[in-house]
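Look for chain A in each of the two complexes below; its partner is chain B in the first and chain C in the second.
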Partner chain A sequence: MRPGAAKKAHLSRPMRGRAPLLDGMVVPTLIVLALIIGYPVVSTLMLSVQQYDLINDAAPSYVGMRNFSDIASDQIFWTAVKNTLIYTFGTVFVAAFLGAAMALMLENLNGPFGNAARAIVVSPWAVPFVVVAFLFRFIYMQKGGVLNAVLMHLGIIEAPIPWLNDSDLALPAIIVANIWTTTPFFFLLVASSLSGIPDAVLESARVDRAGTWATLYHIKLPYMRNPLVIGSLLMIIANFNDFAKVWVMTQGGPGFSTTTLVVYVYRMAFENFRLGYASALGVIWLILLLVTAALYFRLLRGRD
Partner chain B sequence: MARIRMSRRVLMLSAAVFAALPAMAQDITLTFANWATAEATTRDGMEQVIARFEEANPGIRIDSQAIAFPEIGRQMVLRIRSGNPPDVAQIAGNDTFLLAASGGLQALDDYAGETLATLKPGSYAPFQTEKGLVAMPWNQAPAGFWFSRDILKGAGLDPDNPPATIEDLNAAMAKVKEAYPDIIVLGMDTTNRAFSLQSNWPWMRAFGALPIGEGATGADTPEMKAYLGWMRMLAQEGYIDPGRKIGEFRPLIAQGQVAFLWDQVLVQGVIQNASGIDDATFNAQFGVAPMPAGALGSGYSFEGGHQLVMFDKSAQKDAAWKFINYLATDEAAAKLYTVDTNRSIPPAASFADPELAASLDTPVIEAFSTSIIPTITPEPFGPDFATAATAIMAGVQEAVTSDRPIDDIAADIQSQLDR
Partner chain C sequence: MTDAGRQGFRHRQSAGRRIGRGLQFAGLGFALLWTLAPLYWMVATSLKTELEATQLDPTLFPHSITLQNYTGLAGGSLPFMQFFVNSVLTCLVAAIVAVVIAIPAAYALSRAKFRAASQVGYLILIVRMFPMVVLLAPLYLILLTTGLLDTHFGLIVGYTTFGLPFAVWMIKGFIDAVPIEIEEAARVDGYPRWQILLRIVVPLIYPGLITTGIFVLMEAWNNLIYPLTFITTLDKQTLPAALQLTFTGQFKTDWGGMMAASVVTTLPLMIAFFTVQRSMVRGLTAGSVTGT
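This part shows the complex of A and B:
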């Protein structure tokens, strides 16, 4: 075979069996995608360079990059970006670690006790996010909250702590609630990847007298890596967009200490009705997400 | 034979249907967006009033659309912009002025001309804007300073004489806290939403602060700082429970867990529904007074009543007005819904029905009518109110929940108001 012939054969292989009619059948899907994804994105991009207030009779007017320059000098926006990053990465890293640790601990636990333990670990995943938010709101309440009652009963604290009403504690408190509901996702991912490790591989490690840590590091971790990376990406996107928990628990307060980007966009769009400014925030938010996703995919491809 | 009988029946049925068609064609369906049917405590009363209206007006059917109170303003703005507003909506607070600013409301002057003469002037005056009468008052629900006589007595205070000044209040709160360390001494809404600013506005005014609105002096003023400092003191002393919406305090005061509550007239209904106590017991256990006077020598109140608006896109404006007028002025409707269900005050200046007049002759209504309603201070409602509310209430929350210097917080509020 001549040099390059193999590459040429590889490239031409998919083309050989292609039928133009079948290619055309993708078009309806593309049209639907363009309508439900493309239209809102393009519409948001167009609105982001306009001044458009819903409570104003005036038609939208082109303002160029003014919304973006206003955002650059908007302190609340930068607070929201910081809070979003802390909320997202704080949740994902801790939940991924806890989920993986629990999956490893329960890996060899079989029988009814093992099944019950797995069911308990997974159960928070089944609770709707809004219910989680209300649940933790009541747990954290300064007066009448379960957490303060337990801590005071145990003598750990003397007076109730305002978990959600302290500028320094509110965001960590919401992150804890979020970790509670996100950990089962990573537990499921890692548990399924561990069950996919061939017995022969583990058996040969045992034969080679590999210890627990060596088996974990050289065999289990490589199997867990890709599910964790993909899972983290999904959870980063989900937490970037997470509105329900923050809104129900604090509405972005006290002050702006728990205001995330999605909460800020909501306030701008549906409380202040400044759709142009909110769209510009949305564009920046989209770019941040795309950059994060691109970095993750690059990381994933590098691993492959 | 059977076939002939069948055909006759079909013919008769067809004739009946065709005879009914013109009448059916004249039927009008009015869409009515409201939160009264979305809330358990008011749903039955509202549905009964609607049924009575439909019975009295056979050609008009009401399609009641239940929307939660915090959502209704937002949904109405979006529906105006997308061209499908309802015919009539229940609305309150800044939302009324937001809808008016959006240009989607029908001015009611031509419809309400003679009716207005039968109402208390103060009930409709706030809605007479440069765009005309933008809303019809449905009920009045001003805020008062509620107190639990039992708790005051238990704390060694006079249960018939609540604090008259902020200084008296500070002293009374200290005594209540000492006697009952686990209860909420003062219930007030410190969430970050437009209603919270509406509710806190009279307190700011009591300290002489006027951060926004006509004649505004801004947020970075000694008066606003005094108010923010007082709020911080309330939190630091453990008198308030920050972060709760006003509605969350209502069942608590019914359970004897709140000493003082800054809330609207409808609290009596909530307490009685929650605890099942009769009027006499309620009056023995609870009372309401004007807000304690602040630096300016006066306390204030806010009007939190509900209004009815007609949308200019309504194709059935006469029928819509008939419905609005019925809800706002019909005495049977006022008794069933406004007084008995919503426990608020009808806007009418007088009543022909002695039973309705008697049901309003209570110590609570008396206190509101004679000493609280005269202290109502206008709110700076308008298109910018919600934005200002976000900035101001965020500052209030910061004062309440952090140690950041009050001067910095006030300056931050001002810089956000300036944006």
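This part shows the complex of A and C:
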């Protein structure tokens, strides 16, 4: 439902005069957001056209669009963009698929086993990100890590693999950990949309002797589609902003092979202290966000 | 599945169905293994002795179960109890404050009788998507100039701000479900809006408020970037940030202790999560499927 919908419902009611522009009750929220988000946004915009390096103690100086042209030719920036896209979409697609598959498998499983299984598959969602990161870092360890030990005992690999220290393997390894924590979200989403299918619809499919796959394709999939689209978009945004897992597992390394945009901006601001440059990165990010948000609102509107 | 359906299903059970059933259970087995293996490994390692936890060829089952990793946390050189209290305190206060500020806004948006309602609604949704890291430097400077850097108050301000948009949308969803007719009688009696909200609406959506609070709390508990940036004294640090900061020191080789600390960090969140699991979906997608 979009924000205006509630308003429409009340329009049938006689309204005395013209409705006011704002309601006093939203003011506290707006004030908090203006102070803690609005002000930083404005100051990010202003910093983005300045050179402001805390490290050499120089006063900030206006440099126009130079930060942005520097970013355009910044190889690490483009690597970070690529990594962010791989990290985000890799996680969301696989997690959405796994979550949906689990929800379908557990759909008709009642009784204590079904309930226990449902509780188990959602539990990773409640594991704090930092713990997920440390846990998988421990599992992935080259020497003494359980993953290498199991793979070697099974005879799948000859020698231990340095999962997080290999620039080709580190990003996929982090994505796997991320999929582990993200899957429950899609499981819950799909499970709830499946339970929303009216019994009569499923019953008539049964009467028509529709097979499992036909029922899945023609009846269940349409019910799952909208929640999956909206949920994916929410998770894309969340993963774009994800810091804890990458930071704890690799800090963006080896090299820049797992440096995502968050990690890059954080490094730029709080390790290199180049606030102007970091802010310019932030502005680009905010523009990307607005585009995504517009897409999101369009999708929401399409649902009405 | 209804009883009648299950019987019909049994009648028509063919070879194909049986293969399908087999595949379903194989898939389930994989799903459970995939979910449980990392969790098992965390708990199992936390119960091992230091020597066993770090040996090169790890044991799948702890040979001798010990609680020394847990007792070590309480009595070790690091103030783990303090980290725990810091996390609980900051996240709890942030959750309560966010919910309290969000209630009137959610009510106004739900009963929208002002022209800018949809704009305000969209604005709050966009803010919910804002990347924390982008606003980190300016926020740092604000806290620095107001003397709130390295205080729990500053951290709570940060958590609250990012929990607030989410809380507004979620609570709006709960208020949407309250029929307006319930308020009519009170309105006829001449009660002011504040009274109607506090005396009639809030008691009705009380469970929803708890759920919202727990969501904000979980989000704050997961937050690593704020405490790492805004807290500079180790004693004031939160549990997740302390794990990251101290790992290179104390835990470099002590994975048993690390996993025990991880279990302790996870438990409160796990308990909170399963308390509100029923309203989980509504919470996760607040603002996108509310009112349904």
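Just so we're on the same page, the second predicted complex is superposed on the first by the 260 of 304 C-alpha atoms of A that agree within 3 Å, B and C clash if a C-alpha of one lies under 4 Å from a C-alpha of the other, contacts with A are read in each partner's own complex, and residues count from 1 in each chain.
The definition used in the following text is that contacts are C-beta pairs under 8 Å (C-beta built on N, C-alpha and C of every residue); 3 or more make two chains touch, one makes a residue touch a chain.
Since we're looking at a predicted model, the values are computed, not measured.
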Exercise. First (chain B), second (chain C), both or neither: which does A:252 touch?
Worked result: first
For this session: Look at A:55 in the shared chain and tell me whether it touches chain B only, chain C only, both, or neither; answer first, second, both or neither.
Result: first
Exercise. Touching A:164 in the superposition: chain B (first), chain C (second), both, neither?
Worked result: first
Exercise. Between chain B (first) and chain C (second), which, if any, makes contact with A:198: first, second, both or neither?
Worked result: neither
For this session: State whether A:39 touches chain B only (first), chain C only (second), both chains, or neither.
Result: second
For this session: Identify the partner contact of A:278: answer first if only chain B is touched, second if only chain C is, both if each is, neither if none is.
Result: second
Problem set entry | Which of chain B and chain C A:222 touches, first, second, both or neither | neither
Exercise. Is A:143 contacted by the first partner chain B, the second partner chain C, both or neither?
Worked result: both
For this session: Please tell me which partner, chain B or chain C, touches more residues of chain A.
Result: C
Exercise. After lining up the shared chain so the two structures overlap, which partner does A:270 touch, if you call chain B first and chain C second: first, second, both or neither?
Worked result: both
Exercise. Is there a shared patch on chain A that both chain B and chain C touch, and which residues make it up?
Worked result: 143, 270
Exercise. Inside the complex, what are the residues of chain B that reach chain A?
Worked result: 74, 77-78, 81, 98, 101-103, 182, 184, 191-194, 235, 238, 241-243, 383, 386-387, 390, 393-395, 397-398, 400-402, 404, 416, 419
For this session: Within their complex, state which residues of chain A touch chain C.
Result: 1-7, 10, 15, 18-26, 28-30, 32-33, 36-37, 39-41, 43-44, 47, 98, 101-102, 105-106, 108-110, 117, 119-131, 134-136, 138-139, 143-146, 149, 180, 185, 188-189, 192, 199, 203, 206, 212, 227, 230-231, 234, 237, 240-241, 243-244, 247-248, 262, 265-266, 269-270, 275, 278-279, 281-282, 285-286, 289-290, 292-293, 296-297, 300
Problem set entry | List of chain C residues in touch with chain A within their complex | 1-2, 5, 8, 17, 20, 24, 27-28, 31-32, 34-36, 38-39, 41-42, 45, 54-58, 60, 101-102, 104-105, 107-118, 120-127, 129-139, 141-142, 157-158, 160-161, 164-165, 168, 176, 180, 193, 197, 218, 221-225, 229, 240-241, 243-244, 247, 255, 258-259, 262, 265-266, 269-270, 272-274, 277, 280-281, 284-285, 288-292
For this session: Spell out the part of chain A that touches chain B in their complex, as residue ranges.
Result: 53-57, 70, 74, 76, 142-143, 159, 162, 164-168, 170, 250-257, 267, 270-273
